[in-house]
Amino acid sequence: MISSLTAEKLACARGERKLFEQLSFRVTAGQALAVEGANGAGKTSLLRMLAGFLSPAAGRIVLKIGDAQSDDAEERGRQVGWLGHHDGLKPQLTVREQLTFYAGLYAKPADAAVLDQVGLGRQADLPCRYLSAGQKRRLALARLLVSQRSLWLLDEPFAALDTAGQQLVAQLMARHCGAGGIIIAATHEPLGLSNESLKL
Amino acid sequence: MSPFWTLLARDLKLAARSGGGAALALSFFALVATLVPLGVGADLKLLSRIAGGILWVGAVLAALLSLDRLFQGDFEDGSLELIALSPLPLEMTALAKIAAHWLSTGAALTLLSPLLALLFNLAPYPTLVLFLSLLIGTPAVSAVGAIGASLTLSLKRGGLILPLIILPLLAPVVIFGAGAVAAVMDGFSPNGGLGLLAAFSLAAVLLSPFAAAASVRLNLGS
Amino acid sequence: MNWLFKYANPHNFMRLSGVVLPFTAIGAALGIAAALWLGFSAPPDYQQGRTVLILFIHVPAAILATAVYGAIAVCSLLSLVWRHPLSDTAARAAAPFGALFTALGLITGALWGKPMWGTYWVWDARLTSFLLLLFLYMGYMALWNAIEDETRAARAAAILALVGAVNIPIIKFSVEWWSTLHQGESIVSGKLAPVFLAPLLLMMTGYALLFATLWMVRIRTAIIERRARGLMQGAA
Amino acid sequence: MSPFWTLLARDLKLAARSGGGAALALSFFALVATLVPLGVGADLKLLSRIAGGILWVGAVLAALLSLDRLFQGDFEDGSLELIALSPLPLEMTALAKIAAHWLSTGAALTLLSPLLALLFNLAPYPTLVLFLSLLIGTPAVSAVGAIGASLTLSLKRGGLILPLIILPLLAPVVIFGAGAVAAVMDGFSPNGGLGLLAAFSLAAVLLSPFAAAASVRLNLGS
Amino acid sequence: MISSLTAEKLACARGERKLFEQLSFRVTAGQALAVEGANGAGKTSLLRMLAGFLSPAAGRIVLKIGDAQSDDAEERGRQVGWLGHHDGLKPQLTVREQLTFYAGLYAKPADAAVLDQVGLGRQADLPCRYLSAGQKRRLALARLLVSQRSLWLLDEPFAALDTAGQQLVAQLMARHCGAGGIIIAATHEPLGLSNESLKL
């Protein structure tokens, strides 16, 4: 189980522009951190850095699991549950196939009940190409749950969802934190749980 | 199923649905093999002379046509990020994709080749050698192709730059492969050519996952 | 066009084809059986020996292969211009048979070619254009299968079939200009001996009726499937 | 600039940037032309005999390689909807795209062909005829290709189904084009072949925008 | 100038599912209509129908321009300003090139000031591939303005935007209605102007 994630004096440069510098924060098990900022402030870039896709221009990211700590990006990646701007769905696969695929890829059991939980029970055999924007997002949520990772990195988790969907997300996040997980979410709206927040 | 097989199975499924997969690589191969006589003329002696070369080039092109989407589809829709975060090392991801590509193109092309050889009036023994050379050589096409596909990953229109990168690398495959066929037609042994082909192929399959994984990693950081 | 719309709506089609089916099926069986019997009892050709029997399989297959494409093209036109719902189903149902006839023509022709021309394949005009026809069929069927949404697949396939229909005469003509070797026209001009002509014509009728039977069966299956799906959807 | 020219200019710009455009079609063409001698062997007489056919097939394949994204890129990122709502009729949209495709592939290939003919040891007069036949015939490739591209628009992996659809339709182009080259090599006049090619090409360019527009419209309704 | 848009007993079927039936409404010049509904209710489908991409399974859509009325989809399309789920941007083109292209395509002048208005002045020469999610959305807004159409069909106009961006959209919509335009917007949030609303 992850005990904490620490960012030390991170800097991010895109092209010739510096997006942020000297950014430090620490999130411990059971905590949520909301990353806020205007469009283009660097929220997505920060999340990609935490996931290990981007390497920081300066500073380091340290993950503590139990008592062992490491700043290896690949190792950190194995803990990450990712919800990005893109949902990672194939138009040709059905909702159920898509979920089974990700379960198999993450070597986790494919729990069909998850589909009902995110409100896609009736769409289980529909090819993803026919899903509406919000339904796609819900499937991505189901995938996040199935992957059973403890460090959630969420990019605008409320995007495209209706009111019920937004409540569902808030509830899932609360449960994840309750179970000792960590959440870092980029958002333009309040997360709806007691959380720290970081302004970019 | 392990993550490796899960990915392999999904790629095969995707290839089979909606306009990919073995059937189409085959059709393309057969079509090229049909167009060439239309262009070159109906002289059977001439055709059997060039059969080995033409069929080898046709097979490489057929395999190439589905290569550019090897990683790109997954990159564009965000699947590749999710695959990268999975327990499967990127090297194994690349290997799974190479295997899926070979199964849905190279293997199928090899099986079809004797039929096309018939159209070119190729004698039985050269046909057998053509078959063997394709069997041994096409994995190299998929493997080298995977490097190219991963390099051109972030280009929206990688379709054309990809052949430019990989065709020169594949020249040895064509030379050894078609050379073996030509050798038996001239009464020599094909073993030398086939041996070199096997060595090249083996090296390509063993090394390319590392190169491909490295450049996928690079492209994810954008 | 009105009569067509009247009889070719799914409901009437089911009724009408239900009545006609047994007759075409029996006709097909009789025609083919009679042709085979006549064919086997005909004297061996002085030049071709017993291999002449391939003729009875080869020629009708080749002729039907082209005819089926024509049928698909007509159905496609009906579908595109008059939005006739049944014609898409009909076009789709016919395609595999057309492809099969083409393949059969190719295979029997190739097998025949070995004794006649000493090789399975030559790049002759007719053979080549026939091979291209097979590819056209395969492309047509692949397009149908590739597009999941049925109405869109139907219209895309119809566009392709029509483009192909315009192009087929051009292909045929261009290939002929390129190279010719295959047997010329011989049925209508009466060059064929009556002992062969009679079984051939019978066989042709048999093939045509067989195709009609299978075609109707496939259309019926498609209609029934669609109804079943509709019912299930309604129940859900 | 009118909407038509705006679209044409944008498509050319997109082709030129990031892995498309004339340079790459050329490279592919050149590579195929290089691979074939590698496969077939270095016999110059044989090569000059098959030059017309091989270069024609190579040109068709090179043009084909960039065809599958003709409408698909615009479809996937939502540009096609915006283009459909613009004052430009979809038929003209198709025509602009055909023109852009031809300029960035067919035209370039034509210009390069004399150089490649040199590699195949083709005599000057046949080379001239090859050049002319490509100039006249490649627009048909783009035009017929546009139909195929619009039909396979919504398929994520249309890459292989597209050739299957259009190559059989393009057989006359290859036959007339390569036939004209063969004719002059045998001492006949190429005029007949070139005339037929011109007629086919003209008809294709005039008619295909309608078919393409119809199937784009179809695919937007999804 | 458009005087009204009327939908008469529209029905929409996707696959074998009926999304809505007997849907009628009328929007007149200067009005805005918010289309609300859960994920997958058919908001996007309705907008696509109004734009003429989808043809209704039943019913008709009538557009009145001055006194002339027509239910031709193509003709209606010529009045539509579209903001869909996809932004229609090419990664290879710069922000400015992208805007100039759409201006040219719609045969309208390319007004560079629009970029400042949507807050992309500094990014004018950045290729679109580098834009953040919200910046892409802002560019799509700029494109909408440049096209100078009077019937705006907006699919989740607030998506991906920060608070300032959302205010900007509200303000642009108010101005459009004030100038006699019509807006039909699918949304999960209130539009922030006095508008009718339609529940799917």
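To keep things simple, chains are lettered A, B, C, D and E as they appear, and every chain counts its residues starting from 1.
We adopt the following convention: a contact is a pair of C-beta atoms (placed from the backbone, for glycine too) under 8 Å apart; a residue touches a chain by one contact, two chains touch by 3 or more.
This one's a predicted model, so the numbers in the text were calculated from it and none came from an experiment.
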item	value
Remotest chain, subunit C as reference, centres from CA atoms	A
Comparison of B-C and A-B (more C-beta pairs in contact)	A-B
Subunit A and subunit D, separation of their C-alpha mean positions in angstrom	45
Between subunit D and subunit E, centroid-to-centroid distance (C-alpha), Å	37
Intercentroid distance (Cα basis), subunit E paired with subunit A, Å	30
Sequence positions of subunit D contacting 2 or more other chains	14, 18, 73, 152, 155-156, 158, 161, 164, 167-168, 171, 175, 221
Set of subunit E residues in contact with two or more other chains	15, 85, 90-92
Residues of subunit C engaged with two or more neighbouring chains	132, 135, 138-139, 142, 146-149, 175, 178
Touching residues on subunit B, where the partner in the complex is subunit A	1-3, 5-7, 10, 13-14, 17-18, 73-74, 76-79, 81-88, 220-221
Footprint of subunit B on subunit D - complex, ascending	14-15, 18-21, 24-25, 27-28, 31-32, 34-36, 38-41, 46, 49-50, 52-54, 56-57, 60-61, 65-66, 68-69, 73, 152, 155-164, 167-168, 170-171, 174-175, 177-178, 182
Interfacial residue positions of subunit E with respect to subunit A in the complex	14-15, 37-40, 43-44, 85, 119, 123, 126, 130-135, 137-138, 156, 159-166, 188
Contact set on subunit D toward subunit C in their complex	147, 151-152, 154-155, 158, 161, 164-165, 167-169, 171-172, 175-176, 179, 196, 200, 207, 211, 214-215, 218-219, 221-222
Subunit D-facing residues of subunit E, complex	48, 51, 53-55, 77-78, 80, 82, 84-93, 97, 101-102, 104-107, 143
